[in-house]
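Next come two complexes built around subunit A: one with subunit B, the other with subunit C.
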Partner chain A sequence: MSLTETQTTARAHTGPDWDFITRRAKSILVHGIVLALVGIMLLPLIYMVMMSFKTSTEIAQDPLGLPDSLYWGNYMAALSSMGYVRSVLNSLGITLSVIVVVVFAGAMAAYPLARLQNRTSRVIVMIMALGLATPNFVTITPIYVIFRDIGLLDSYLGIVLAFAALKLPLAVFFYTSFIAAIPMELEEAARLDNCNNWQIFWHVIRPLLAPVTATLSLFVMIMVWNDFIYPLLLLTDKDKLTVMIAVYKFVGNTGIDPTKLFPAAVLGSLPLLLMFAVFQRKIMAGATAGAVK
Partner chain B sequence: MAELSLKQAVKKYGNVQVVHGVDLEVEDGDFCVFVGPSGCGKSTLLRMIAGLEETSDGRMTIGGRDVTHMDPAKRGVSMVFQTYALYPHMTVRENMSFGLKIGKTPKAEIAKKVDEAARILKLTDYMDRKPKALSGGQRQRVAIGRAIVRQPDVFLFDEPLSNLDAELRVEMRVEIAKLHKQLGATMIYVTHDQVEAMTMADKIVVLRDGRIEQAGSPAKLYDDPDNLFVAGFIGSPRMNFFDATVMSTDNGQTMVSVPRLGDAPLPVQVTQALVRGQQVKVGLRPEHFAADGAMQASLDIDVIENLGGVSYAYSSFEGEAHPVIVELRGAARPSKGGRLTVSFDPSAALVFDDDSGVRIR
Partner chain C sequence: MRARRSLYLFTFPALLVIGLFFIHPIILTFDMSLTNYKGIGEANDIGWRNYERIVARDRYLNEIWLTLWYTVIVVSALTVTGLFFAAMLHRLPLIRNFSRAALYTPAMMSFVVVGYIWQFLYSPLNGGINVALRDLGLGAWEQNWLGDPSIALYSVAFAQIWMFTGFTCAIFLAGFAGIPEEINEAGRLEGASSWQRFRYLELPLLGPSITVSVMLTTIGTLKTFELPFILTKGGPDGATRLLSIDIIDNLFGQYKFGFASALSIVMLVIVLAVAFLQNKVLRDREQA
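Up next is the complex of A and B:
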């Protein structure tokens, strides 16, 4: 027995381990492809940051080259002319308000839809699906006309309501599938514990929605923060403009001012990136929730 | 604590009736076990008692109160679910106190009741843990604790041990039996495991297809079953059934012929009038075969199951749905493939009608 093992070991050292080499090569290839894809995705971001530190001369002479130094003057100029703090606060307020409305209304709408397996609930889910599939541009005109008629143009309430209505189907979809996976026994136990429907939702279902709420909030946050069309159409007061509209101020009718546009774009994206970095773990937990038991 | 009464309880889903006019009385403080094969309606009946399923027809009382259409929380019942159904985001203490908190019980009283339940169930060290940090047995204890703190009239258990491993199941079985003794509460327990039913119950209710086949003490059901189904379901290994023909009914003594057990006529103890030539089934439990007995039979043995203190010999025969099972004790154990001569006392044999399966007494 021991002689055979020695012979086997000796044979293993006589030539290269091709299995190991093949596995290693495949691993390097896969990592290389992933890194290349990440690079491609990061390219516009890198370009934006790079351009934001260039002087107007550098931009004119070598638009693709690296900046000679980190020139902060562009940021100072952008900050002073775009009303940065005000616009960020506007974006933040609108985004958070939309998230709160969408999360509460979506979860409450999804709870009965997930539990009632009848024709009416299926029809409502189908209508929600239509809402999700409808392009944003289709709803712009009716929303504008309705808001004009009821006096909601150029108001925070109007923009929040418009975004909430547009994002609600997404929330209902998120929550319906998640709630449907929550065991009925939990609700039955709560019913025996003297809970009414509202108490079951509030004390038992709602706390279990935390991971999916984090993910949904991220999606809504990105969509609302970056949205350009609706704030442009529904808001005219410069004190109510969102940060993306403020950035667009540097795109003129006859040309653009890159020394202000790029730093403004960086500044406009910064709060979103920071929030994503802070909540990343929770968001990923929600995105993968339910994948394994 | 209170007694439970069901009168002609019916459950229908649309046109499909799954519980057919069940009549049942459970005495105050009884441990009553619903047992039966999958789909027999035992869990549905339990959920009807809990109020989680609407009773389509009939009447249900707990402690004399009509609870037929009452809200689950107002019935005075607590339920332990098969999947535990613990609130995952709450600690053990929060899980146990939740019902009382919702019922606006004073905080001091909640703490007292929860601490007492935790002491009984040995959960004191785990009160600040969440369910995911507990073992299966501990989770089951928390589920029971949640039921205890509400001090219900009737405890309901829906296959509470089926998710536990065999060893823990035996342990928890003993714990629940102890708890019943300690609390003196009325408990209704659903299981498909007839060993659980036999070991825990004061009263067993055997269900099949939404009907009660027989209800009574474990000994009554084991020794004196009403029909073939109960005789076959209660007891492990199951009772042996043999095709038999009535040979004579002279002088009040009925003799039957059981070809599978040899040529000798078998005297059976029945008082009901039988007709010569009538086809019947004769039932003998594996332990009714012994070293000494008035009758003898010879069986070809194809499998021996040795469990240590006891062995089971299996004798299959072409065309038979189930093999004949013989319990063997003592040193003399035949080998597989051998022929075994066994004795039995014919007075232990039970007789059933061949068509209806009803016991002939």
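Up next is the complex of A and C:
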């Protein structure tokens, strides 16, 4: 904003324009200060990456210094004993399954809620709101007991269903506000062609949902990938652990040993951070979707 | 009309999953809360005794207050830090997108990872914060951040504030983007300073964003469990023993499923009550 302003004032004068120079200096200073503050906020992450490349002697002698060289030994040790690849595949499989369930069931449920306003729809919306507000450790005890009794403990199916129930309310809210904005005329034309509800949903509504599905999927992915308590309590089989549980078991079993903690933290976050780098715009749009509504 | 009614069939798969794995568990939680169920064996009906114990003991009332106090600290701080960064970045389009994404990065990470990083940053001897203070010649400010009962709660809160500042900042930036440019233009012509424009023009118009941000962060913070679980396990001396920590401890530390269920129901009632009150107060204020 101030750039165009200052340029026009600058042209009106001859000789050194002190007003222009002070404004310019002020602008650079403000940019510098804000960038520095953002940099300070990033320090813990920089610290994490830096520490992951240090040997234990380096950490003991110079806890804050830069590593002498990129020491990959910590990563080698972590990769060989935390079951990383397996846990990434588990997390990926669980996350994608949850997304499929949540997207299909969520979009379907949202369609009538967006189109009909009566007591039934209000009750369903209330149930969804309850779902959004309920902490997951309130339902974890009975889910644990139910799963134990029907044999879903330690199964992929069980944890996918538990996560789906947890994330469906969010999906329903996402889709309801999105479908409500789709003009009715599109559907009415199809109805005149004798399409039934399902055909209208599948051929008219569903194709329009791609953008909101993308945002929702990224959101669900972040939450499921990072979740701690469900996989901690519902999965015990070593071959079924998710990434975060693998990190927790790897670090937690040994006290806090920085040569284990930091590479495990980096490895655990890396897949999502890479995804964030690629889909940054979509994720930021989703993060603020609630605020715009 | 019949065709429209049958639309509700579409909600069946979602309601089935939610019914089986959300509503049903909540009902079971309530059932269990009236028993002394230990996870295995008989569950004896003991009426409201679990609830009587919660109300009668200072320990649980203190945990409830601690949970609420923790939420107040985190939510107020997140509102202020988010507003600060958003107000600055709104005025600095050149670095806006980069900074927004950079600030948001911690929110993309798991509580487990964030907990571990801060556990090491806070550790008394070689931890990053104390070493940095020593290097800066501020050795007198060194603390046992997580071991001192008088500051442990604030140390945990700080990690959470660090994690979600980018989240509130993103919400407020969206709010700023929705303010018509003419309003600021008018303010500038009147000679209002940047601060005056923020205070008297932008802040009042950010009402809806503040409502959304406060409500989302409140519910999220009330549910906090992972950070204190990793950082302090409720210690030292109960200084960070939030209600959620005690629920998990009763559950998987002591297998008191019945009592943990009663605590869970209390937790649920608190979350719903706070969400309801907040929604009412903030929406009314917005309309006023």
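Methods note: the second predicted complex is superposed on the first by the 233 of 293 C-alpha atoms of A that agree within 3 Å, B and C clash if a C-alpha of one lies under 4 Å from a C-alpha of the other, contacts with A are read in each partner's own complex, and residues count from 1 in each chain.
We adopt the following convention: a residue touches a chain if its C-beta (ideal position, glycine included) is under 8 Å from a C-beta of that chain, and two chains touch if they have at least 3 such contacts.
Quantities reported herein were computed from a predicted structural model and do not represent experimental measurements.
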item	value
Joint occupancy of subunit A by subunit B and subunit C, clash or fit	fit
Partner chain in contact with A:189 - subunit B first, subunit C second, else both or neither	first
Touched partner set for A:85, first subunit B, second subunit C, both or neither	neither
Touched partner set for A:203, first subunit B, second subunit C, both or neither	first
Contacts of A:25 with subunit B and subunit C, given as first, second, both or neither	neither
When both partners are placed on the shared chain, which of subunit B and subunit C touches more of subunit A	C
Subunit B versus subunit C as contact partner of A:269, first or second or both or neither	second
Touched partner set for A:123, first subunit B, second subunit C, both or neither	neither
After superposition on chain A, the shortest CA separation from subunit B to subunit C (Å)	8
In the complex with subunit A, residue positions of subunit B that touch it	50, 52, 72-73, 77-79, 81-83, 85-89, 98-99, 102-103, 146, 150
Complex interface listing, subunit A residues touching subunit C	1, 30-31, 34-35, 37-38, 41-42, 44-45, 47-48, 51, 59-60, 63-64, 101, 104-106, 108-109, 111-113, 115-116, 120, 124, 127-128, 130-143, 145-146, 161-162, 164-166, 168-169, 172, 196-197, 201, 222, 225-229, 233, 244, 247-248, 251, 256, 258, 261-262, 264-265, 268-269, 272-273, 276, 280, 283-284, 287-288, 290-292
Subunit C residues within the subunit A interface of the complex	3-4, 6-11, 13-15, 17-18, 20-26, 28-29, 32, 39, 85, 88-89, 91-95, 99-106, 108-113, 116-121, 123, 126-128, 131-132, 135, 162, 165-167, 170-171, 173-175, 178, 208-209, 212-213, 216, 219, 222-223, 225-226, 244, 247-248, 251-252, 257, 260-261, 264-265, 267-268, 271-272, 275
Subunit A residues touching subunit B - in the complex, by the definition given at the top	183, 185-186, 188-195, 199, 203-204, 207-208, 210
